[in-house]
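In the part that follows, the structures are each spelled out as structure tokens.
Look at the two complexes coming up: chain A is in both, with chain B in one and chain C in the other.
Moving on to the complex of A and B:
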């Protein structure tokens, strides 16, 4: 039996190692692609003109002015981690995602290509212009009308939204295939995709749900599994710099806010007598109540708030770190710096792959912990105390 | 000027988080060395504690970013 277990764990280790290698190769390829602009200059014998073109090119295809503009690393990074209305593919090619806006004159849909990367204005019910990826209303003189801009509600399929759809489709494909495998073959030895997903599901069940939720874990498994795989998937495709990835979705505070709010709602709707008792009648002397009850009530909100900030800041910080290293070569305009930075970028990206997993794990385990605190029954030892 | 002050703030936050996570990691190593059979449990607890420490540092980084006017 131990022998079998050993074999199993060796098998698992090999699979994990293979997975890591595949992911690292993907990330190496990705980052080999990132400074591809400098290779252009390589072949063009690095004429001064070309260098300027590269520098502006690196600022994203949004800026097409080939003038004598200084490379602004801060601006470049902030542009890259922000949401966008079109999805940059390569060079000056990008996918124009649909714009859906609602104003007091009704709903309007058009392609974001009409904005021509913010250079042109589009005339619909109002005249719209894209300013720093925000849709603003402009008047006849071409000035931004802040009052009217406030009425524009932007429901566009942006890069982040498109990535969310991709994640949903990807996860559905994976999990429907796995579920079909179980309904066809029954509970037995897993096959194909099942063998990859099953250990992770068991890891979520045995290491996250069971220790924190006790025997009520089954009720919350669907949520924990969903949130775990969703965050992990999105984090990993966010690390791919070219087309199907590159969106900083979990580094968008609105996304993490919604995830945290769901945890908040589940925690509080499942809170039992014991949980609310701890908040409104804490086990402290009566004169401390005016102090303790507000603190406990604030505590309900700080937990999901910390969840929100943690995921947002970790992923954003990771993206900023990688982008800063990429920017180094453009700041110094030197191949030597680029050569030194590239292994560093690969190294940081490998760490980011680990962070992508750890953050999904942390979010899930803390959700399980908070839900567990809300549903746990008072222990008998504690009961005897009072 | 605000940028450099925000950078100092982020640096201070990094010092605090470094000390905290260092202590957590060190103690976890010690615990694992003493009781290798409990390594899994210690590791999980270590990650959770590290996440709490890290969150405080990240709050500071977010505040520094906002203070930097980079929004």
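Moving on to the complex of A and C:
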């Protein structure tokens, strides 16, 4: 009994220590940003004044817009669903994430704070400027050099990458804790987090893996479980409107591309004779082969492509929907509209919570289906047909 | 177009993130978890099966017991019946034996009595004869002293003797 209590207290201490570390890092980052942000506001004001000065020099009519910028909902939404090099926290406070770029002159790392939200250029091996969250090379005159910009490979820890890392850490914490529960309790009844996660694991096994993969389900369980919880977890933290959530990770085509490619690779590397036979010797008259074989080959690629687009589109659409509703109040500049929009936002967010699960489920079940089609043994009737 | 253009950095990092997650979880979470789940299900299956077997065994045991009990009862009844029969037989036999013996004894006794009676009779007869002879002798001695009386007596005796 005392042994168990000791374990519990150690466990608790570790968790508290972890939380403390995370919070201190966050607070250090935000404190460190304080002088930067004040600087930024100063320089931003300066830039605005400069612009204003040039504008007044050029045209007097521009003066009306001074001080009250017109709210552009489209721009706001697109900024929010896109990736970013800064993680905006609140007001003028944001975390400046590290920039890692690779050019023909080698690897370079520096803080994204150097760009000052796209206002300043940073001089490294080239002179870089942040234009619409893309790192571009600029020449002496401050013009974008598109030719040189193509050579810049941006491996920065962006908001989405940081969210990915948070998700990985979160998932590792959750599932290693759960796994510890299994090693401690063995085949005994589950407890705590373990009993919360277990039905979901069994759901993935019994409703996703087994029906689609048959006897071979065990081989693909790790991938299906990982992809399911990965997508679900990221979908859900994407719905949290403040740090450390809000990033549109699974609504980014690069992430869904990676996931779809993994499913594609697993499907085709595990494809058996039966699978390839269906593609190259389909059960149609010989004269249809010139038509059928290209269609089948295209089919290999359209399946993961659909996976990629489906997840990306669903999650991005959800974010756009919620953001649009949030923007309503700002478009109409009215508290009343905000009051009407808020219950709607809550409602849509609840639906998005459901979508977060459904999309993870669909991605996983379709992956299982595609893999299942590649590994299934021919039916006896079919074999006789050959 | 930016929205549907995958960026190299994110492809790179999400691949790394996913693979780290995949390998660590596979080794330290999915394998032990799925293994334990399977073990638990197997053990539940086994427990249910053994419970079923135990139930069946119990049932067969019960029927066995019932059968044994019935058999024992039948046996007991049979034994009792047999015992009764034997008792009756013995009784009957004893009775008949006793009767036979009694009869025999009675017959023997009767015969003995008869014999004794005949003997006694014979003895009595002899005794009486002797006595009578003695008596007669005495009387005769007394009476025969007188001639007349002798004659009377002889006459008298002759009268009494009937010739048949």
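Brief remarks on what is shown
Everything that follows uses one rule, which is that the second predicted complex is superposed on the first by the 314 of 386 C-alpha atoms of A that agree within 3 Å, B and C clash if a C-alpha of one lies under 4 Å from a C-alpha of the other, contacts with A are read in each partner's own complex, and residues count from 1 in each chain.
One rule holds in what follows: contacts are C-beta pairs under 8 Å (C-beta built on N, C-alpha and C of every residue); 3 or more make two chains touch, one makes a residue touch a chain.
Source: prediction; values computed, not measured.
Applying the stated contact rule after C-alpha superposition, one finds that A:314 touches chain B and leaves chain C untouched.
Here chain B and chain C are compared by how many residues of chain A each touches, and C touches more. Of the two partner chains placed by superposition, only chain C is touched by A:262; chain B is not. Contacts of A:95 after superposition on the shared chain: neither chain B nor chain C is touched. In the superposition on chain A, A:83 contacts chain C only, with no contact to chain B.
With both structures placed on the common chain, the touch criterion links A:154 to chain C but leaves chain B unconnected. Contact with chain C, but none with chain B, is seen for A:187 once the two complexes are overlaid on the shared chain.
By the touch criterion defined above, A:300 reaches neither chain B nor chain C.
In the superposition on chain A, contact of A:222 is made with chain C only, not with chain B. For the contact definition in use here, the residues of chain A common to its chain B contact set and its chain C contact set are 78, 312. Of all residues in chain C, those touching chain A in their complex are 2-15, 17-18, 20-22, 24-26, 28-34, 36-37, 39-40, 43.
On the chain A side of its complex with chain B, the touching residues are 74, 78, 207, 211, 306, 309-310, 312-314, 317, 358, 361-362, 365-366, 369.
Contacts from chain A toward chain C in the complex involve residues 78, 81-83, 100, 132, 134, 153-158, 160-161, 164-165, 167-168, 171-172, 175-176, 178-179, 182-183, 186-187, 198, 201-202, 205, 218, 221-223, 225-226, 230, 249, 252-255, 257-259, 262, 312, 316.
The touching residues of chain B, when paired with chain A in their complex, are 40, 44, 47-48, 51-52, 54-55, 58-59, 61-62, 70.
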